[in-house]
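Both complexes below contain chain A, partnered by chain B and then by chain C.
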Partner chain A sequence: MIKAHIYKTLRSAAGKMELDIELNIQKGQFVTLYGPSGAGKTSTLRIIAGLLTPDKGQISVGDTTWFDKEQKINSPTQQRKIGYVFQDYALFPNMSVRKNLEYALEKKQDKNIIDELISIVELEELQNRKPETLSGGQQQRVALARALVRQPEVLLLDEPLSALDINMRSKLQDYILKVHKAYHLTTILVSHDIGEIIKMSDMIYDLKDGRIQKVGEPMSIFTNNQLSGKFQFVGDVIAISKQDVFYIVTVLIGQSVVKVVAQEKEIVNLKIGDKVIVASKAFNPVLQKIEK
Partner chain B sequence: MNVFSGHISNIQVSKSLSMISVAIDNAHILKAILVETPETASYLKEGKQISVLFKETEVIITPEEEPLISVENKIRATIAIIEKGELLSKVTLASSIGDIVALVTSEILEGLSLKEGQNVVAMVKVNEIMLSK
Partner chain C sequence: MIDWGPLILTAKLALVTTIILLAISIPLAYWLAFSKSRMKPIVETLVSMPLVLPPTVLGFYLLMAFSPGNSFGAWLQDWFGIRLIFSFSGLVIGSMMYSLPFMVNPIQSGLAGLPNSLAEASYVLGKSKMKTLFSVLLPNIKPSLLTGVVLAFAHTIGEFGVVLMIGGNIPEKTKVVSIAIYDEVEALNYTQANTYSIILFIIAFMVLLSVYMINGGYLKKFWK
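This part shows the complex of A and B:
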């Protein structure tokens, strides 16, 4: 659905970099751009949004061409059907939540979309408050809703959750997935958080120095070998303790702490702070209902 | 983790489950049951190179030569090294497919009088074996 071949020479404090990227994203896919700072992730989003003009290349979404250097096509941002959410919420401080959303309406657009969005991201109680009275997570929910007012086909998310604490992040991730599905969006996320990427994405583009290193499903990008275990989580090693003839590795997965028995040869290359996959078979875990 | 590589020699599918036989060498086939089928996992193909993984804690050891027991995977081995801990001991078993490490209670090690040099059978249930590409 999104086909893009973009080429641009970027200049930054670190020097000159050639961005040369080809994207082929299916309609309805949730794609993440991953890679070190300065790899070209944000520039790629800005180019898709029309905020930055490539030196050459083409960008088309469905049957519509947004950019084609040779044919001299370069649709302005307002005509591209995109929603854009940044780390910085950039809400109007003097307007209520509802007014912030209404401001994004196009002329003659049906206002029902505002109520629908307020309902889907659960802002009913907050709709008459000013942004400054809201928490970071609530403001980001408003920013997400505002990005969807014009009913975009493509949602661009530039590290929208990186300023939030882990609880808020997890909730916002759920809201993003909810609107992604509800509005059949094609979403491109820039993120560094491997747990977040695995939870949200169908496909990853791994970028470095302006080039795509790898493309694939999250599990195949972040692990060397694909495990058959159905019970898999990504976590951070927070402790390694030696027992007499083995080790116990403590891993933080989301907000839960789990412990795994390991042998010496498994922990030789492991240190605190490393990301690991914790895997078991579907046959081993037991379920216990939590009584409310 | 115990890791052996081999190739898939047989696949039996029933609904969402598959029983995968992995030939480690001509004499040793290890079986694993997965909640996966060749339709859901592209690596499930006969002849495909694959690794078999199982945890040390899931290895059962018996001194009996032909144990009557509901465990599918059995490998003949010799106890090479015993490292005793207070509650658990690490037992390294030498077999024709390579070393297998087992973590068993120190109590049962004494109870069965298992000693270095002794011939045993190492066993692993099909639901404890994971496959890795």
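This part shows the complex of A and C:
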């Protein structure tokens, strides 16, 4: 679906960086670009969108070539059918929620898509409000809906959830997955959040200093030893305390706090704030429905 | 009884100048805000020159250029039958140059102050640069537009040097209020001069007050 091989010299505060990225993304895949800041994730996304022109390379989507330096093809952003969600949402402050969506309509396009999208992201109540009166999560839903009005095949998400709290993030992840499936999108997400990446993506490109370090499925990227865990969760270490001869590591998984007993050798490389996987191999976890 | 002619002429001059200037300044400010051209500092300097040059310098060169004794002035007269000195059209052109920075600078800084993602979001939605400018960018810098319009209008009302140099003092044609005041003082008609002066004083006060109130957000509710 998306084949891209791009080179560009980027100049940033940290100095020059050579971006050299090769992507090969299947139709319908949910792909994440992961890596430290300044690795070139957003630049890669902007190049695919046509907001930034690479120095050389090719980009083709489906049967159409969007960029080819040698053949001098460089279709403008306007002609590349993509949905793009910006980190700062980029909603138009002068238009209501509904007007923001209607603005995206193409000439002669059926207006029913507006109502359909508004109902998918559950914005019916807010459709006549101005963006500035909405919360971050609500604004993000508007941005997501607006990006889908033109019915693109490719959805590009530039750290769309980084400004939201955990609760909101998890809800929006569900919205994104919902539209990804409902509209058979090929989605590229830029994200730092390992939990989010594991939950959402089929494939990860791990970027560093403008180059791809690793490509693979989430679990194989984030765990060094192949765990065949019966169950596993990703969380943040929030406390490590010594108890007699062993240690207690407190891990925040989503919104739940879990305490895990650890040996001294297990915590040597661990510090507060690290991402860890909590897994159980030997026992079957017990499931219990929570009655509301 | 005071002669209303100069007041009406001044209002007409300021209105015409402001309208034409707005139409010219939007593309110019857009270019200045987003261009990466090497020419940009030079154009920026030229736009801002009237802020520091004495109006008489501008007036003098315009007088030279527009004079039918000169090749450019002669060409205008021969080909278009326009004579720009000692005429209302000449005054409009002079005033436009003189008030250019007052219109361009607020619009330029308004455009430059908008987040880039706003325009980019519009391009990604398939909209042209023109559509983006008029539907997204300009509606979000209304206070800057208003500041530009009000300042250009007020500045045109207050000009003296350029008008005197290229317009002279022809009643109903080029005799604006600032010239009329000078004229009355010369003729020792202090009462008349005082009447004109008070009117200008009040207008200038109201105009600037409205700009500061808008920029201070006091009138924000009317702009949302």
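Assorted remarks:
Just so it is clear, the second predicted complex is superposed on the first by the 289 of 292 C-alpha atoms of A that agree within 3 Å, B and C clash if a C-alpha of one lies under 4 Å from a C-alpha of the other, contacts with A are read in each partner's own complex, and residues count from 1 in each chain.
Criterion: a contact is a pair of C-beta atoms (placed from the backbone, for glycine too) under 8 Å apart; a residue touches a chain by one contact, two chains touch by 3 or more.
Note that the coordinates shown come from a computational prediction; the quantities given were computed from them, not determined experimentally.
In the three-chain model built by superposing on chain A, chain B fits alongside chain C with no clash.
In the superposition on chain A, A:243 contacts chain B only, with no contact to chain C. By the touch criterion defined above, A:103 lies against chain C but remains apart from chain B after alignment on the C-alpha atoms of chain A. Of the two partners chain B and chain C, it is C that touches the larger number of chain A residues. Applying the stated contact rule after C-alpha superposition, one finds that A:263 touches chain B and leaves chain C untouched. With chain A as the common frame, chain A serves as the apex of an angle whose CA-centre rays point to chain B and chain C; its value is 160 degrees, to a multiple of 10.
Using the contact criterion defined above for the overlaid structures, shared-chain residue A:290 touches neither chain B nor chain C, since it reaches no partner.
With both structures placed on the common chain, the touch criterion links A:279 to chain B but leaves chain C unconnected. Contacts of A:146 after superposition: chain C is touched, whereas chain B is not reached. With chain A fitted onto itself, chain B and chain C come no nearer than 40 Å, counting C-alpha atoms only. In the superposition on chain A, the residues of chain A contacted by chain B and by chain C do not overlap at all. Within the complex formed with chain C, the residues of chain A that make contact are 49, 51, 76-79, 81-84, 86-88, 90-94, 103-104, 106, 130, 146-147, 149-150.
Residues of chain A that touch chain B in their complex: 225-230, 243-246, 261, 263, 266, 279, 281-284.
Remark: chain B residues 1, 32-36, 41, 43, 51, 53, 55-57, 83-90, 101, 103, 127-128, 130-133 touch chain A in the complex. On chain C, the positions that touch chain A within their shared complex are 115, 117-118, 120-128, 135-136, 139-140, 224.
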